[in-house]
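Each structure below is given as structure tokens.
You will see two complexes here that share chain A, one where it goes with chain B and one where it goes with chain C.
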Partner chain A sequence: MVAVPAASLVFAFFASGLVLLATGHNALSSYRRLFDAAFVANGALGQTLVSATPLAFTGLAAAAAFRMRLFNIGGEGQLLVGAITAAAAGLYFGGSGGPSAFAIAAMVVAGCAGGAAWALIPGILRAFFRTNEIITSLMLNYVAAYLLTYLIFNTQSYWRQTTGFNAAVFPTSKDLPSSALWPGATIHLRGGILLPLGAGFAVLAAAVLWVLYSRTRFGFEAQVLGDSPRAARYAGMRTRRKILAVMAISGAIAGLGGASQDGDFRHTLDADPNGLQRQYYGYSGIVVAALARYNPFAVLLVAFLVGGLQNAGNTLQGADFPSGLVGVIQGIILFSALGGELLVRYRIRISRRPAAAPPAPEAA
Partner chain B sequence: MRGITKRFPGVVANDGVDFAAATGEVHALLGENGAGKSTLSNILTGLYRPDEGEILVYCRPVEFSAPRDALDAGICMVHQHFRLVERFTVAENVVLGDHRREGRTFRLRYRTIERRVAELGERYGLAVDPRARVWQLSVGEQQRVEILKALYLDARILILDEPTAVLTPQEAQVLFETLREMAADGRTVIFISHKLHEVKAVADRVTVLRGGHAVATVSAAEATPRSLAVLMVGHGLGEGAPPKARAPGEVVLGLEDVSAAGDRGGAAVRGVSLAVRAGEIVALAGVAGNGQRELAETVAGMRAPTGGVVRVAGKTPRPGDPRAAIRAGVAYVPEDRLGTGLAPSVSIASNLALKSYREAPASSGPLLRLRRIRERAVELIQRYRIAAPGPAAPVRLLSGGNLQKVVLAREFSGQPKVLVAASPTRGLDVGAIESVHSYLHEAAAAGVGVLLISEDLDEILTLADRIAVMYEGEVVGETARADASVEEIGLLMAGGNDPRRD
Partner chain C sequence: MNHSLAVVVIASGVAYGTPLLYAALGELLTERSGVLNLGVEGMMLIGAVMGFWTVQRVHAGSGAILVVAIGVAALAGALTAAIHAFLVITLRASQIVSGLALTIFAGAAGLSSYLGNDFNLGDNPARHQFHAVFPARVQRWPIVGPIVFGQNVLVYVSWACVVAVWLYLTRTRPGLNVRAVGDSPAAADAMGIDVAAYRYAHTLVGGAFAGVAGATFTLAITPQWVDGITGGAGWIAIALVIFAFWRPELCLVGAYFFGALQALSPELQARGIHIGPTELWANSLPYLMTIVVLVLVSASSTRRWLGAPAALGLPYVREER
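Showing the complex of A and B:
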């Protein structure tokens, strides 16, 4: 179970090393610097968690749906819509003063609901009209991104800051009131590591997903339905309901990631050109889920590692360490992980003449 | 073929097989599933290479490294699953494997090809329109195209893998005549089958394979079905026990004027009325594709009827709702085991719990009781003698017979009132068929009303109390087994008139 991903990772490091060498870097020292910037340096872990938390949410969202072979590519849009609805809840229910459990709960509920509702659009289309959910959920990502831009730039919406100096210069969104900001626990180590509340929610979501998929009737049905829809129907399972439920769960987790962005990190619904819709957490989440083989706990681990890599890339980018290299390394890791997966399923045989048939004797 | 040995990981599929077929004979290759028939023919057609042994064609040793080499040596095979391009015409399909004559030129001369195809068809009684598209043809016609393909390529040795599996008895008779004709022409026909009476009917000599060994070659005229069966199975078969007279109870499955649509629209089932009583086996005979599958699915709730009523034990479960049918007591053994009856990548234990997971003891509330499910699986694996690596293994790793046992174990253990079994023995070997038959008998003896859908008349005649024949969506005849004759049922299956109709 672990051998193949591990071997893929080793291979990826060798391949990336070649790329580093070819671009005139010392591979070993580059790796050391990456590792240092991701997990060791002062403040590195906290920053890694900032990158990893949204990836954990979108990774879990993708894993939840992909396990049933529902290819919800729309984690991106569901996260954005979750951020929009959660910000509305935070603005509406939040007040001045310390963190209010009520405001935070309202944001969590609103984020989940927003993401779930957005995911239900492709879900309903799939369940009742058999449209391909890959296409519809993907397209809705663009709709969600433009919706976010529209709300801040093109209309006097509830989210838009209309007073103050900033608003006159550049369109921006309202800051969340202080009671709607999510608290974090600080570990006093290496300059302080802030554990965001969202990271806790992500761990909780992973645990819930694990129980749901391996210990409940719901998970049993999802497993059968993902493997063979005909067998599921044969067994009297309600396939439409299941598709809707799984899409809603997947969307809710992504939407919770959006709420966490508002409450934990950004403290506003941002829409500036380098803001939330330029992070592509939804798409990276799919990569995370694939690397984790849709296991919820593995998603957390992979999100942490990939988050570290991204964080290191941001920290190190400069003349001597182009940030693009981190993207290249990420690509190589994904490539070798999927390649390794292929090697598990098929066997490469080298023979004089290609044997025409797979080794499948008619054994009774 | 001399001393052919072929090993696969964990299995020796052919172990020193000697096999010789003479010019101008129909030579049958008889054996159970897994006896090594397919492997042997795949070696002969160049698909596999033997690990040991040599092949001689017309006394010359040959070595095939690709199917094309075998073709060049004049060896052609008609596979059980046809290798035809559905969108192409008959003539186009025929010329597809040809790289010597008309097929060699860049622009195909369809006139010439079509003329030759028509000529060949006439000579061997294989009438097919060369310009028809393959998807428009019936299965029997498609088989003719496969044979024409071989003849067109000048095949001197023709191998047919279970060619009658898809044919009606009448169509099979026509095929046998064609094969005899070809043999009389100096060609060699190798006929692979596990049906004894067919082998008797068509072959000159019979080579019996068992467990990868060629156990005997005998003259078909001298052999009896019984002696062949003994060679094939390796021990005497249990006497085909004449089914005991059962006292049927009240009607547990009642169909009243049921109609249903097919997958591609159009009426697949037209106004079928049928009653199955508790403790009896009613067989629904018919060539595949005459609405039996759709009817079975309607009873199982997987297909909503367009008209009529299905009653199960006096109640009418919500139509088109599989769960309602299951609750009403309908067990269903679908034709498509892996994919409908079983979820392939899901564990054996889960597949065994596929219909019981909703209720105690398999679950309590929303939670599954995994240990109960596993214990139940271990118990069923033992009771039904399922050869399985363990309850956690994905079900797709099992062989055909064991897959069917998993389905049967699950369906019987649900204590059904009605059992619909669609082609429950298709593709199984003799041993597995016997156990499936005995399970069906047991079910009937336990008071279950069994509706058996089958194309195999032998099976129907050994199992059924009553026989209904389905043709083009209608029940065209119904008789008690005692009054039934093979000829008559075959005729009805093929759409012939009921000879007893007044």
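Showing the complex of A and C:
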């Protein structure tokens, strides 16, 4: 099970190396710097966690839906809407002082609810009109992005900073009050690694998802429904209800990722078109989920690795490090993993024929 | 009269709609053969960067170089699409994941950015670009001047492409075969049509169209190179194919409509007109309308009538026929 993804990874680095060589770069030294900036350098691991946490959420969201063959590629929009609703909760319930469990819980609930509601739009369309959820969820990503930009840049919304000197000059969003900021745990190692609370939530979500899909009747039925809708219907499973539930779970996880963006990292509703929206966490999450073959715990691992890659790309970008290399490597890894799928599906077995095959019964 | 809101918005709608039209025509051909390629944005960006590279680095007369640049963009788009074709047709990988992977691989933070960076394309404006074809006197004619005669040659070629694709799909043997392949690959196979070959060919042609669409940005609309210059047009093109019920002539209408919506919001703002949350609805409308169309399409009674390829997104495995 591990051999194919591992081989895909090796192949991908080989192929990306060819791209580097073809454009006149030293592949080995580029890789060494990439690895160094991702996992080794001072503070690198902490930064990698910053990149990996949202990917874990969107990866889990994609895995939850894709397992049932519900292709929710709206993780991007669900994360953004989750960020919007969670920021509203944080602004409303937060106050001065240290982190308040109540404000944080409110943000978690609001983020999950926002993401789930956004995911339920394609979910309802799929369940009741049999509308293909791929395109509808994709389209809603853009609507969510425009909504986010609109809230801060084009209207005096609840999220927008309306007082103060800067507010009149350039539209910005309100900072979250201090009790709505999510605390983290610091590991004193290599210049301090901050474990964000969101990363903990992601691990928790992975565990819940694993239990749900491999230990409960709900998960079993969802998978039957994914593999063979007909068989599921004959067995009397409730198709519509399951589609709605799975989409809601998927969206809720992505929305929680949005809440974590607010509380853990950005401390405001980031509406800058070059900020949160430019990270494309939702799309990368699908990459992560596919590489992890939709296994929740594998998603966490892959998110960490891909997060490292993205972090290194951000750190090294500029000067002599070709920008865009990270995307190239990610893409090639995904291509080779997809190609490798074929080997999993059609397992190639080397079997020796029995030395003396029983002679075919001759017609008497 | 030529500065009235309607004329300005329609004229720029035609200009902005042209890359959408090229990309949508390509995606339409791909989807008609039963292959969904979500990598349009990535293929467009590769076409955009390679077309731009050609005009910056190859020295020749302005006319010749632009033709070559469009050719290079088309080739680059087709090569990018070849990855998708190999993965989904030969290896039968998931079309959704593969298409997304293509956009990540080639897109704003991928190969197109890598190439633009590596070739140092970001610093200079285009050395050659497409200009309006007709003399300024003609362009000043009321209404039709800016809308019809104020455009560059890529716009007029796109009209020819619409006609060509329409004729191809409705009046030629290979065109009818493609539709068979997209609707019922098993039946097409039984007829002796090479399903894989048709799907490969149309995925590659789709990529070539997307490449040209990308070059429309860097050689005509905004003649320069910046990362992610297409700004999501590839996704609108995918929406457009559905919005146009998989028909080329409706692609033209839809492309200009979506293009006009793009032009509408800044134009309204510049004139100080506010109709509700303009920025929100004008930008979101293409996506929301596509969702509405999809809901209509998915009701099985209208599906056949609307022309959605029945086998869209499904791999064809002869052994499972």
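The rule is short, and it goes like this: the second predicted complex is superposed on the first by the 343 of 364 C-alpha atoms of A that agree within 3 Å, B and C clash if a C-alpha of one lies under 4 Å from a C-alpha of the other, contacts with A are read in each partner's own complex, and residues count from 1 in each chain.
Quick note on the criterion: contacts are C-beta pairs under 8 Å (C-beta built on N, C-alpha and C of every residue); 3 or more make two chains touch, one makes a residue touch a chain.
Computed from a prediction, not measured in an experiment: that's the story for all the values here.
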Using the touch criterion from the header, give the chain among chain B and chain C with more contacted residues in chain A.
C
Contacts for A:207 in the overlay, against chain B (first) and chain C (second): which applies, first, second, both or neither?
neither
One more residue to check, A:335. First (chain B), second (chain C), both or neither?
second
Where does A:290 make contact in the superposed view: on chain B (first), on chain C (second), on both, or on neither?
second
Pick one for A:105: touches chain B only (first), chain C only (second), both, or neither.
neither
Quick one: is A:21 in contact with chain B, with chain C, with both, or with neither? Answer first, second, both or neither.
neither
Which of chain B and chain C A:322 touches, first, second, both or neither
second
The intersection of the chain A residues contacting chain B with those contacting chain C is none
If you look only at chain A, which of its residues touch chain B in the complex?
215-220, 223-224, 227-228, 230-238, 353, 355-357, 359-364
Which part of chain C faces chain A closely enough to touch in the complex?
36, 38, 83, 87, 91-94, 96-98, 100-118, 227, 232, 235, 238-239, 242, 277-280, 283-284, 287-288, 290-291, 294-295, 297-300, 313
In the complex with chain A, residue positions of chain B that touch it
8-11, 13, 32-34, 36, 38-39, 42, 47-49, 65-67, 300-302, 321-326, 332, 334, 336, 339-346, 350, 353-355, 357-358, 363, 366-368, 370, 399-401, 429, 432
Chain A to chain C touching residues, read off their complex:
19, 23, 71, 73, 125, 129-132, 134-136, 138-140, 142-143, 146-147, 149-150, 153-155, 280, 283-284, 286-287, 290, 313, 322-328, 330-332, 334-335, 338-339, 341-342
